[in-house]
Amino acid sequence: MSRQYVIRRMLIAIPSLLGISVILFTILAMAPGDPFEELATNPAIPPEVRQALRTKFGLDDPVWQRYLHWLSAMVQGDWGFSFQSRMDVDTLILQRLPVTLIVIGASQILAISVAIPVGVLAAIRPYSVFDQVASTFAMIGFSLPTFFTGLVLILIFSIQLDWLPFVYRADIHATGWAFYWEHLKQSIMPVVVLGLAQAGTLVRFMRSSVLDVIRLDYVTTARSKGIGERKVIVKHVVRNALIPVVTLVFLQLPAVFGGAIVTEQIFRVPGIGSLLIAAILANDTPVVMGVTFVIACLVVLFNLIADILYGWLDPRISFR
Amino acid sequence: MAETLLDIRGLKTWFKTEDGMVRAVDGVDLRIDRGETVGVVGESGCGKTVTARSVLKLIDMPPGRFEAGTILWQGRDLIPLDQDEMNQIRAREIAIIFQEPMTSLNPVYTVGDQIAEVIALHQKLSPKQAMAGAAEMLRLVNIPNPQKRVHDYPHQFSGGMRQRVMIAMALSCQPKLLIADEPTTALDVTIQAQILELMQEMKEKFGMAIMLITHAMGVVAETCQRVTVMYAGKVVEEAPVEALFGDPRHPYTQGLIRSIPRIDRAVSRQARLESIQGTVPSLLNPPPGCRFAARCRFATDVCTQAMPPLKEVAPGHRVACVL
Amino acid sequence: MAGSTPASLSADAPAAGVVQARKARSISPAIETWRRFRRHVLAVSGAIVLLIMVLGVLVGPSIWAVPINEIDFTAKLQGPSLKHPLGTDDLGQDLLARMMYGGKISLAVGFAAMMVALVVGVLVGAVAGMASGWVDAALMWLTDLFLALPTLPLLLLVIYLFRDSVKQVLGVEGGAFVLIVVVIGGLRWMPVARLVRAQFLSLREKEFVEAARALGASKVRQVVQHILPNALGPVIVVGTIDVATAIIFESTLSFLGLGFPSDVPTWGSMLRDAKDYLDIAPHWALFPGAAIFLTVLAINFIGDGLRDAFDPRRVL
């Protein structure tokens, strides 16, 4: 893979980021209501002061100027102040982000390690009993809303069996192994909920991708070499079938962030998802904007990684 | 008489589909002796490719299955062999190249990797030695700058060059039989000649037999010693190449030969080329009787009753026709 | 074939087979599709389940005429009984009645949002596919951009910013409905647009469209008469799955407390209320959860069946 390819993909990501920022700003600008509405109804503040404030914050400037203003503030990390949490929005988000990323990362690893073997096995024996069972379970996983899976798991493992805690605690008073054990225990359910939903989708992707690849000519060529079916599948089918799946995994990420928001809310995981919901319920606009912007940026970033991985997996791409 | 390498007897390879059983290969006899080139000709869909793939058991089962017959390789029947036993024969004794050089190579590995994979497996060599072997094979098939080209990916080669790579891969273990499944159909005319020439050259070098599947009668006339003509899953005629072109017996063979474009004839006959009317019948529940009857201008009532068996009309010349 | 020769005894049976095969080949694509769909057991079961659901929420309330907001503290948090087949919630309200009401909302949101997504998607895809050049490039860039947007956060953001003003114009329940439908539809049109465009690009080169073009058919006529009907199959499949997605999104919003107002019972909001009583009244959460799951699963199976039915290359 050439370095130019990586640089080119990075340059392509910039307009996407700008596009997303335009969409976000448009939504914000079109939204009714005015940050100074409260001041307007407050008789203690004279209209001149209000006008001065409006001018100072640039609310009467033309739209494009306000956009550039807003964009430069966002880029510089000046995301405003959360009145709810009494701290800067960027600090707040940075505090919450690692938990979310860990939960999402762990759930993706779980999903991939379950889905790839299952999808491959289902596809190499299409319409077999294993395939039918796997496909049905994949469909169930794909159709289960995360919030329902979460509640069912809580019902079984926390309430009935009392094995796992259903509230995620950031302040665990334990040291050494016990500390990690507690963390692991409380992470199991959120990770499983998010991972299973994702695994259902991935099994379906992987199965159809393998089915597409397995009937291609080069697989017959590989078989004609006498290298054995297992090697044919692993080296010549799975390797090639993974190429579109990698893209799809990353294209799924917006949905995964959606799932993470719900999961964090159910298990009260202190990540950016539960932060977003709390901020919306508390009318904390700077935090809402900040979190949405961060998630959008992360999605663009992961798409970039997907592109680069794609170029690495498929030598035809990076030469173009 | 030369040693018989491959002897296919009464082979039936059928495919189960949702509309019923497709009898793609329905009782085929085919013999190939050591070092000879046998042409298998017929229109698209007549079962040539399925016959070829049956020999290496490259048929997906299901939906395909061997309904009857034997495939004797040096006297040993291949049909009952399991995967591991077949893998001892594939590439080492029988190799195959396909019609589409553009899609027959795995796009994510270098051509060197793909050739070396065979060499390393069957000759028990280290990866490094195998890669050197791969470069040597590329040199043999006249690919310029082989030391460097082994590290290139298939998409960096042209169609003709990829077919050379396929040939290099197929010959890397010096098989006794090379099955060439329409190796030139997808290529430009000038490249076609080069590939045929290369195969001829390789044959002289390695002395393997070739089963050349094609629908181009001209190619057959130039390269083969014997020819088997297939129609709708059955063999209709087999003969030494001179006998087939000099004295074609089956109406279908006669039609095929008449449909060869010839410059001298085209000029004198106002550029009219003969073709065989109609198309290959459905192989799904075929009617009894000669499969060609519906398109045959000599067909009589007898022809629709039962398929005539192959009978010898001259030494080595057998034909399945009542005429 | 055998047809031209005098029928002999031996030729009779296969000849009949040939006739049958011919008949099978000449039936219309719609019937052929239905024939394939019917063989997909899970899809047919899905269709039956969905039909029961739809009938249940439409006809059910007139049979089980219990008000959705009749508070009865003496009967709160009860499990299923004859008086309350699905039990009651913390205010003693009948869950069956509330589930039927919520189901009507969920299904209506699902279908309406799918329609919005289809209309926008087909429009964008058709324009991009017919226009080509920079219009196509720009529209596809926009589509890809929207595909990269995180749907749920954006959904939450839009609803957060606009819910009050829409409420003023369209009323509490209607406002929430329109807002949710438009936003879900507005964030789900991209796959349809890509699909329609891809179909256009391949179909417009096909002979029959070219024939129509040669005969002087206008662009609009080419699209409506010749291209759209052929692109219909995959679009129907995506549309079906979109209904399921929209139902999940609506339930998620309600579950997070950001969908319909809290006094309107929807499956999602019932789950939200029930989640604090999981230990003493699990039925309260399980029934609406199962309803969402079953509906979504049924629709997804129908989508799967349709996909297989529309794809004639598939062999069993």
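To keep things simple, chains are lettered A, B and C as they appear, and every chain counts its residues starting from 1.
Assume contacts are C-beta pairs under 8 Å (C-beta built on N, C-alpha and C of every residue); 3 or more make two chains touch, one makes a residue touch a chain.
These numbers were taken from a predicted model, which means no experiment stands behind them.
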item: Chain separated most widely from chain C, comparing mean CA positions; value: B
item: Selected pair, greater C-beta contact count between A-B and A-C; value: A-C
item: Computed distance of Cα centres, chain C from chain B, in Å; value: 50
item: Averaged-CA centre spacing for the pair chain C and chain A, given as whole angstrom; value: 24
item: Centre-of-Cα separation between chain B and chain A, whole angstrom; value: 52
item: Chain C, residues touching no fewer than two other chains; value: 316
item: Parts of chain B lying in touch with chain A, wherever the complex brings them together; value: 53, 56, 58, 60, 83-84, 86-92, 95-96, 98, 100, 103-108, 117-118, 121-122, 153, 155-156, 166, 169
item: Sites on chain A touched by chain C in the complex; value: 15-16, 19-20, 23-24, 27-28, 31-33, 127, 136, 139-140, 142-148, 151-152, 154-155, 159, 251, 253-255, 257-258, 261-262, 265-266, 276-277, 280-281, 288-289, 291-292, 295-296, 299-300, 303
item: Sites on chain C touched by chain A in the complex; value: 42, 141-142, 144-145, 147-154, 156-158, 160-162, 164-165, 244, 248, 251-252, 255-258, 268, 271, 274-275, 278-279, 282, 285-286, 289-290, 292-293, 296-297, 300-301, 304, 316
item: For the chain A and chain B complex, residues of the former touching the latter; value: 215-218, 220-229, 236, 239-240, 243, 313-316, 319
